[in-house]
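Read from first to last, the chains carry the letters A, B, C and D; within each, the first residue is number 1.
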Amino acid sequence: MEKRLKIVGFLCNWCSYAGADLAGVSRFQYPADIRVIRVPCSGRVNPLLVLKCFQEGADGVLVSGCHPGDCHYQEGNYYTRRRMMMLKNLLDFFGIDKRRFHISWVSASEGKKWADIVIKVVEDVGAALEEITKQ
Amino acid sequence: MSLSMDETVFGKKELLQILKSVSDRCVIIGPVMEDEKLYFRPVDCIDDIVWEFDNTVNSIKEFFFPQRQALYELKQDKIRTFEPDIEKKRILLFPRPCDVRAVTILDKLFMGDYEDRAYRTLRENTVIMGLSCRNPGPRCFCLSIGGNPFGMEGMDVSITALENDKYILNTVTDRGKVIFEGKGKRADKEEVQRFERLKKQAEESIKREIHIPKDLLKAFESDYWKEVSEACLKCGVCTYLCPTCHCFDIVDERFYRIRCWDTCSSDAFTRMASGEDSRKNKFKRYRQRIYHKFSYYKENFEEYACVGCGRCAQYCPVKTDIVEIVSTVNEKGTP
Amino acid sequence: MKDILVPDLAQIKDIKGETPDVITLKLVFKDKDKRDTFSFYAGQFVELSVPKEGESTFCIASAPSDKGYMECSIKKVGRVTEAVHMLEPGDTVGIRGPYGNSFPIEQMKGRNILFIGGGIGLVPLRSLIREVLSIRNDFKDLRIIYGARSVTDLVYKDELDEWGKRGDIKVTLTLDPGGETEEWKGEVGYVPEVLKKQTPVKQNSIALTCGPPVMIKLALNALDEMGFTPKQIFTTLEMKMKCGIGTCGRCNVGPLYVCKDGPVFTYEQIKGFIEDIF
Amino acid sequence: MIGKIKKTAKQILGDGTVSLFLGYGKNSLGDTVPVFIKQEKDVEKLVWDESCYYNLTRYFTDKDINQFEEGPIGVLVKGCDQKSLKVLLSEKQVKRDRIRIVGLVCSGMKNEKGDFFTKCETCDSNNPDGELCDVVIGQKVERKNREDDFSDIEKIEALDPAQRQELWSRYFDRCLRCYACRNICPLCYCNECIVEQNDPGWVRPSASKENNLYFHIIRAYHLTGRCTGCGECERACPVGIPLRKINRRMIRAVRDSFDFIAGRDAETKSPLACFRQDDREDFIK
């Protein structure tokens, strides 16, 4: 059997989590390499959490929240956007492959988008890891 | 210790030859350049070793008392212990007499009442070939704290550069003798005299002196400590680079129990889970460092925990000078 | 040669809730030899490990005369203790020790003994009290002053009751102001104040104290004021410890290490270093 | 210049405007050290030369210096230090009326080898901001602004990820975790730093290549949008890790993404503490 990746997904309760739920109900197929942690808002995702995941051996991390303007708390995802932009930037500078860390906006109605994103993320993380093991 | 005419003289080439011949059986640790600074590191290529230098950034304590050491693995109901990595014997090349003396000071702690197994194993499997200090640095004060730039305490072999391509060797222990037995040329009278002369020169070139008050404890409650620690940043530079500082922490990382260096200036050092911290203020932490070195250690082990290498004064980000602080306790600190 | 920093494994046989945040573990070594040879003196402590979380210092709460097992009372305050509170009977922990010195039981014989405890600080004293009571006739008057924040925070309630009923030991319980309930029959007030009110005799006496740092500090002052000499006062100190054998360098009181030369000190020994303790 | 510095210090200490004056002095080895002057007579200890590289604003947030309770603090600041001061003011870590700022015109500081610090070679703030200072001492110097030269960073960026990782792991391998970089930083003032929290242990305390990497990521991230590039971290590092490069990379990222430069003024919020609805999101799926 192919080795499963360990990807941690931080999903906003109000959108992406429901989106993932919808994907399940709609029977959209996507890889099971992602482990979901439900958070009240993507703004709750302290960059430390992302780093801790990597430190504890996660192959990839995905943070998913509401589309701009749709935040349940008005502006949580705007902060997330800035924070994650900088974190991604910094990780890249230290040579942690960009493809291991992803951010997405998935609403409660976007079950298909969720499935597509997971497929893409798994692909990316897999490719990044392959490169690492090659070296 | 002074030399007799039993000592041997080698050229640099010869010494390199001998070292190379043992390098497949031994790990050689020596001073090497890394980004313009000198560090003791295990070397792959003996030619990388630097033969002339002031002193290294790191001391040699980390080869006996590593900064990070896995003690054992504790998993549910099983303990798996680790042996220190000593597949090959180690040769520690060119540490300065002060650094070597520091190791003998640490011996008293780690091989005293309670014996530290990892420390002993590493200690017993390492041959120390020290290098006499012909040009002590401006911050050195080893003479006034019981050391000597040409000291041999703790060494297996003492090496002194006589001139460019001539090195005089004193094999202090049998472990050292084995390596050089039957090799080199006997030192002649002139060479021994030159050694003595260089030694005197080195001693005379040390201008700094530390004066440790006998009744340091009297100044314990003095405001002096608040004054002298004002600029201190509470970082760990002095303690981590110090060849005798030995405080450590024991932490769990996954299932591993790790021993790692710790510093008395750290916020977490004495803070208990309840939040109580007996040494909350920085003057208390700084005082602890000074007293640990110059009072407590002396009382417990009859030796100061300082060898006068001057690293703390050199690398301190705010240039706190331990010599000045300790030497003026009497005039300024005693109430 | 066994590594001094490697623990022995012990199994939790029983867990007893003392207060909402204190439990008492009954521990038995897994190794039979260790079980048979393990002995200690009242006042000594052990290093208890929880896998993945770490190691912490705990006093032994049972008496040396309690054979075959060992008890530790643990209050939930930090990472290790929280993990301990999650454990269940049958789980395994690591134990190193016993370490440290002990209460001066020989010196105490033939004298009046005053035990002053606060909160979870009763633990080491309990070990000693049990030991003392097992040879009651060797001592003169015994007196316990024990205080806690509130009724629910009193540890070893059953034993305190038992001791109170004995008649040959005087037990005074006190609660911090505001912590009492309507049914409370004991004193109200901080331990050092209650201590001052009690005016215990100082001749031929020994006072032993353990509790939170503030309480120890004030109790030492109070005893000092009442005329106890620094040699008559013993306190057991708790500081952050890691190694337990005097090498890690953090628990010193002047040149003395709490883990190696302590945890039991006379007031005389620590007097000069009060600033660095509390 | 030193005459004027001493005179100013003497004056404000003497008339009770300040109870403490932070300046530069010498120790017995001749090294420049920060000095804490409390009495008029001690102003003679003050010096001013090309080794006064310390950023004294670091001591404003030092919990062990309780001088604020007794009265305002006087401080010597160079143009670069002033940027940190502005961040501290904007983050409400120090109150303007509790400090007396003596600005110093500086034409560059030199390291022990006698070379100018890199930050001085590209300095755009030789002259302190007169509006913020109570006094400015020194003749104004003309210097070309070269602070937007990021070629050193670009060199690292040109490497591929694996090479970058190797580069940094070589540096972090020798990191001692002494935290001098953190402790000397005027903007690292958290009451309890996450590296000292053990529950949860965000960063493992022992020094290993991997653990050190995460420490440095967190340190750099925490300074993103706040660091002014004073370079004290790099100077304090005993093992020569080029920490300022990391910080500068984030200074550039913040400038490019949010059009923000920390230390420009004492009012604008840090970019990670606010947002714009039209921030870029090309990195989001």
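Criterion: contacts are C-beta pairs under 8 Å (C-beta built on N, C-alpha and C of every residue); 3 or more make two chains touch, one makes a residue touch a chain.
Quantities reported herein were computed from a predicted structural model and do not represent experimental measurements.
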**Q.** Each chain counted as touching chain A and chain B at once
**A.** D
Q: Find the geometric centre of each of chain A and chain D from their Cα atoms only, then give the gap between the two centres in Å, rounded to an integer.
A: 35
Q) Just curious, how far off is chain D from chain B if you go by their C-alpha centres, in Å? A) 32
(Q) Rounded to a whole Å, what is the gap between the Cα centroids of chain C and chain D? (A) 48
Q.
Report the inter-centroid distance (CA atoms only) between chain B and chain C in whole Å.
A. 40
Q) Multi-chain contacts in chain A: which residues touch at least two other chains? A) none
(Q) Multi-chain contacts only, two chains or more: what residues does chain C have there? (A) 54, 78-79
Q. Which chain D residues sit where two or more other chains touch them?
A. 198, 201, 204
(Q) If we use the touch criterion from the header, which chain pairs count as touching? (A) A-D, B-C, B-D, C-D
Q: Please give the residue numbers of chain A that touch chain D in the complex, ascending.
A: 47-48, 51-52, 54-55, 68-69, 75, 78-79, 81-98, 102-105, 117, 120, 131-132, 135
Q. Which of the residues in chain D end up touching chain B in this complex?
A. 27-29, 31-36, 54, 58-59, 64-65, 174, 176-180, 182-184, 192-193, 196, 198, 201, 204-208, 232, 235-236, 238-240
Q | In the complex with chain D, residue positions of chain C that touch it | A | 54, 78-79, 82
Q: Mind listing the chain C positions that touch chain B in their complex?
A: 1-7, 9, 30, 49, 51-56, 77-81, 92, 94, 212-213, 238-240, 242-243, 245-252, 254-255, 260, 272-273, 275-278
**Q.** Contact set on chain D toward chain C in their complex
**A.** 198-199, 201
